[in-house]
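Look at the two complexes coming up: chain A is in both, with chain B in one and chain C in the other.
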Partner chain A sequence: MSAQELLALADDELILGWRNSEWTGIAPFLEEDVAFSSIAQTEIGHARAWYELAAKQLDTDADSLAFDRQPGEYRCAPFVELRFVPDWAQTIARHWLYESADAIRIQALMQSDDSQIAGLSEKIDREEAYHRMHADMWADRLREEARFQQAVDELWPYALGVLEPDQRDRLCEAVSRDPVDAVERSTHTGELAPLWEEMTMVRRSVPGASW
Partner chain B sequence: MVTAERVWEALAEIPDPEIPAVSLVDLGVVRTVAVDGDRVRVEFTPTFLGCPAVEVMRGQMVETIRGLGAEPEVEVAPEGWSSDRITEEGRRKLRESGFAPPAPREAGPVTLLRIQTAVHRCPYCGSEDTRLDNLFGPTPCRSIRYCTSCRQPFEQFKMI
Partner chain C sequence: MIWEIFRQEREGLPFQHGGSLDAPNLAFAEAYARELYGRRDESFALWIVPREAVDEVRDPYVADVFDRDYRRVDGYSLKVKLKEARERAGTAGAG
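Coming up: the complex of A and B.
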């Protein structure tokens, strides 16, 4: 895989992990506080693993890739940039759509000829199984709710943009929706820059800090 | 010169940073130990990729191997960890410290149905009458269950 492809994966997981972590301490109830915090932690762990592979190709390290690029250089899908706190319906709609899309992407990577990519994907898939169970449980609970349905409608073009065009049919099938024009990875929303400001603040103010 | 057996014994003395009752060897995170003269190469695999204890584990292994007079090389193994790698000894120690050991994962994907139908025994009273409270817990490797017999919530190692 090219470094740019690895960065797209890593950036998706890092930025979504960051968005998930925004529920820490303020989720609707304690179980979800724990769940979203734990999911955030594993997503960021996956980001680190992908950054480490990209870093070998680019002769740098994972932290530099995660924190030292400018917002415009990130390759994440606009879908993961959107800030939803305190809207639970939108949060669950994205969680469910993203995990459905991510499963398709990871399943494909598990077939990679590169044993390192295939092995890492297999490990990530087993961890993500817990995210999918959680997302599916919530989607089942909210399926009849108008606010949830509206959020899924609004986010659907963004969700398709997580996947390469040749994988999108599988997502349509998985979530029983018709294809539409996707919001592609080449663009960014206005919500990435403020996230980046916050996410990189410590690193920018204390260069070389470690803990 | 240090032997692989001696290295394994020493690594078996290192407590897990988050659950000190079990060692890194009990948890099954140490995959291979290879001795080549004064150099000792250890491959280990974190329970979860996002585990914050990974660097602590690595540091402890490096220090332990240096303590044996050898030059350590500690690498993350490409194969992923599975909860089936926890040893019998590790399962016993977990249970004694109030953590329910994982149900066997064996082959096939882990699904909600499997988690809900597998036998999960309360580590406090031994009852099988327990229910899933939260898929997620205080660390990525644990879920929360509740024992309906002794009315005690407990931490359940995830099947992965």
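Coming up: the complex of A and C.
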């Protein structure tokens, strides 16, 4: 797997984890606050693992890849950049669509000839099983809600952009939707730059420091 | 809806009350119970019970109006009874 492909994976997980962590302390109720924060944290943990693999190829370290690149250098899908606080319906719509897409991606990576990639994917998948359980229970609960349905409609082209074109049919099948033109990974939304500002603020405040 | 969570720390140990949580249905209760009581591998198994299913009995002591304290788990007050027995034995021995 190329470093750029690893970075795409890692950036998706880091930025989504970061967006989900914006709910910490303000989720709809306490149990959900704990659960959603925990999911955000494991996404960032997965990002770290992928960055470490990329860092070996690029002769750098995970922190530098996560925080020292310019916003334009990130390879994440526009889908994960969108800021939804305080809209829980949109948040759950993305969570459910992302986990559905991520399951397809991880399944494929578990078949990788590279034993390091396959092994890491298997480990990550064990945690993702909980994410899927959580996403599915919420999707079941909100399925009849107009706000949730509208959010899924709006986000669907973005969700397709998480996957490689040859994997998208499987996502259509998984969430029972028709294919549309995807919002592709090569572009960024206007919401990435402010996120990046905040995410890298402390690290940039003391360049070159060890923490 | 409130759910009571019981956790078994290791296989074979009795389940003990771990705490309670708020969740709209069993699927949510299970997800939150896993998160709150299972995430750190601190439980072998969990019981998830709707609070309404728990029948709480207040003041469960059945009054013993007759002197049947031998039924009680705290047993006899042997000290007094032994003292009395020794006194009787001492009297008998002297007589």
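Criterion: the second predicted complex is superposed on the first by the 207 of 211 C-alpha atoms of A that agree within 3 Å, B and C clash if a C-alpha of one lies under 4 Å from a C-alpha of the other, contacts with A are read in each partner's own complex, and residues count from 1 in each chain.
The rule we apply is simple: a contact is a pair of C-beta atoms (placed from the backbone, for glycine too) under 8 Å apart; a residue touches a chain by one contact, two chains touch by 3 or more.
Nothing here was measured: the structure is a model prediction, and the numbers come from that model.
Novice: State whether chain B and chain C clash or fit side by side on chain A once the two structures are superposed.
Specialist: clash
Novice: Does the superposition put A:E5 against chain B (first), chain C (second), both, or neither?
Specialist: The answer is neither, since A:E5 touches no partner chain.
Novice: Pick one for A:A35: touches chain B only (first), chain C only (second), both, or neither.
Specialist: both
Novice: Regarding the shared-chain residue A:D68, is it in contact with chain B (first), chain C (second), both, or neither?
Specialist: Neither chain B nor chain C is touched by A:D68.
Novice: For chain A, which side has the bigger count of touched residues, chain B or chain C?
Specialist: B
Novice: Which partner does A:E191 reach: the first (chain B), the second (chain C), both, or neither?
Specialist: So A:E191 meets neither chain B nor chain C here.
Novice: Considering only the touch criterion stated at the top, classify A:E43 as touching first (chain B), second (chain C), both, or neither.
Specialist: So A:E43 only meets chain B here.
Novice: Between chain B and chain C, whom does A:A129 touch in the aligned arrangement: first, second, both, or neither?
Specialist: In the superposed model, A:A129 contacts chain B only, not chain C.
Novice: Does chain B (first) or chain C (second) touch A:G119, or do both, or does neither?
Specialist: Touch status of A:G119: first partner only.
Novice: Identify which of the listed stretches of chain C (25-33, 61-69 or 79-87) has C-alpha atoms clashing with chain B after the superposition.
Specialist: Superposition on chain A puts chain B right on top of 25-33.
Novice: Looking at chain A, which of its residues have contacts with both chain B and chain C?
Specialist: Looking at chain A, the two contact sets intersect at 31, 34-35, 38, 130, 133-134, 137.
Novice: Contact residues on chain A for chain B in the complex?
Specialist: Checking each residue of chain A against chain B gives 31, 34-35, 37-39, 41-46, 48-49, 115-116, 119-120, 122-124, 126-127, 129-130, 133-134, 136-137.
Novice: Once bound in the complex, which stretches of chain C touch chain A?
Specialist: Those in contact with chain A are residues 21-25, 27-28, 31-32, 34-36, 39.
Novice: Per the contact definition, I'd like the list of chain A residues that touch chain C in the complex.
Specialist: Counting only chain A, the residues touching chain C are 29-32, 34-35, 38, 130, 133-134, 137, 140-141.
Novice: Which residues, counting only chain B, touch chain A once they are in their complex?
Specialist: Per the stated touch rule, the residues are 48-52, 78-82, 109-112, 115, 133-140, 144, 158, 160.
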